[in-house]
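Read from first to last, the chains carry the letters A, B, C and D; within each, the first residue is number 1.
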Amino acid sequence: MNESHSSSNRVAGEVGLRVRYAETDQMGVVYYSNFLVWFEIGRVELLRQLGFDYKTMEVDDDCFIPVVEVNCRYKSPARYDDELIVETRVTGVRGAVLKFRYRVVRVGDRQLLAEGETVHVVTDHTLTKRALPEKYAQALKGA
Amino acid sequence: MNESHSSSNRVAGEVGLRVRYAETDQMGVVYYSNFLVWFEIGRVELLRQLGFDYKTMEVDDDCFIPVVEVNCRYKSPARYDDELIVETRVTGVRGAVLKFRYRVVRVGDRQLLAEGETVHVVTDHTLTKRALPEKYAQALKGA
Amino acid sequence: MNESHSSSNRVAGEVGLRVRYAETDQMGVVYYSNFLVWFEIGRVELLRQLGFDYKTMEVDDDCFIPVVEVNCRYKSPARYDDELIVETRVTGVRGAVLKFRYRVVRVGDRQLLAEGETVHVVTDHTLTKRALPEKYAQALKGA
Amino acid sequence: MNESHSSSNRVAGEVGLRVRYAETDQMGVVYYSNFLVWFEIGRVELLRQLGFDYKTMEVDDDCFIPVVEVNCRYKSPARYDDELIVETRVTGVRGAVLKFRYRVVRVGDRQLLAEGETVHVVTDHTLTKRALPEKYAQALKGA
């Protein structure tokens, strides 16, 4: 579904959301930290589209993926009530390190609002580094 | 320190805070849900002034106080960079039920911005109702 | 669609949402102030279902509806990744005062998680009280 | 005041804050987007220490500094009730582009929790690029 904006043939998760009033600030646009919340929504939906969900990863497999690095470039402001799509791709699966890339696009005019990356380390609930269970590694590498 | 705005002789916790940009919305004032975050800051500081802290309550005593009801009346808008004081009082300690009352006041002009109440039930970490440990009950009743 | 949980024949707006990781706290449940953000989502969707949108109200009609009072009763915790429905009803339209009622229900088991009310005063962008434009008053009274 | 952790002789703004319950997530640590909110608090306090405040910049000088890029590396989790210091430095003032660098340190053990950078473009309230007023440029270059 991403042919129009990508030459990659990796699977990309897409999820829609609408800008909340609480996410705006007095500049009349979305406050910058909210894009990180949206990145996470994209990440979780990508996992869901790969056949498993993050909630189960935490509870059943004692597998957490805290963020160790994030980068975001803001291209154009998001505004109240805008309908957006977050596109998420897996860009790295190596040992206990995962990488994702995101694009936030406004539905109405296909304007790119922001893009970014996150790096994660796989841990257990005590935040101690651990290997990614094989079933997840397979699915993510396939993506 | 509260003589000027209260005839009560109960102890009131006071804590100062400054409005964050992230807390404003596109109306140019603080978004309404943030007052509940501030209520909690007031509640925790009142506990601290009574000699114990909420972090320890959770970790050492398996004692949580989730909110079961909140009410807030907004009197005047809070604006970016305003310096505020949250005044918190204990208004009820009965069995596993606690009640607190809050006033949010702007430092510059002593304007009352909002006031409200919360009702809490004491639980363990599974959110099962339990009795408030005696040391906390004593301190709160004394307040 | 609301026959099962209401004897009222007023129109109720419904909107679905999914709990975000950012909305949870260390108790493992949704932090209490987020329900107020959801109430607003419900309110805006109800307006949309009545044929107009809040964004236009602000921009074209200089008509804002800040909250002057909110009440929320928490019945059962919302958890990460829960799918929820916010049901919103108009419960009062009198002069410059509007009232809404909300129920937050989990889709999976139809569990009621919280219910609440908000009271609003209609203002212009300077937060000065003003009359609700007739087209909105008609639509809301009809609801 | 920064001799212990910096060989630079630039002025660094420091501001203290305490982790709020609302900032934690179900992993039991601070949710990652909150560090960006703290970066902004550090940025504003640095400006204040340089003799002017951001509120005035917006209102009197029609001068906004929206973020166009942010990067954050998470070193160690921040936890509920931790007392933190945000150290902020100006790292670039060139035309309409400003850069800041941040370190978030826990007071108790001087542990570095996160560090990051933001890049800003100076705009007016319509988000159109404009020059930074000379008084601000001087102060920031001096820092």
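The definition used in the following text is that a residue touches a chain if its C-beta (ideal position, glycine included) is under 8 Å from a C-beta of that chain, and two chains touch if they have at least 3 such contacts.
Being a predicted model, the structure only gives us computed values, none of them experimental.
Of all chains, the one whose CA centroid is most distant from that of subunit B is A. Remark: subunit C and subunit D have CA centroids separated by 35 Å (rounded to whole angstrom).
Centre to centre, using the average C-alpha position, subunit B and subunit C are separated by 25 Å. In subunit A, the residues touching two or more other chains are 21-22, 27, 29, 33, 37, 80. In terms of inter-chain touching, the protein chains here all touch one another pairwise. Note for the complex: subunit B touches subunit A at residues 21-22, 24-29, 31, 33, 80.
Here subunit D touches subunit A in the complex through residues 26-27, 29, 32-34, 36-37, 64, 66-74, 77, 125, 127, going by the rule given at the top. For subunit A in complex with subunit C, the residues that touch the partner chain are 20-22, 37, 40-41, 44, 53-55, 80-81.
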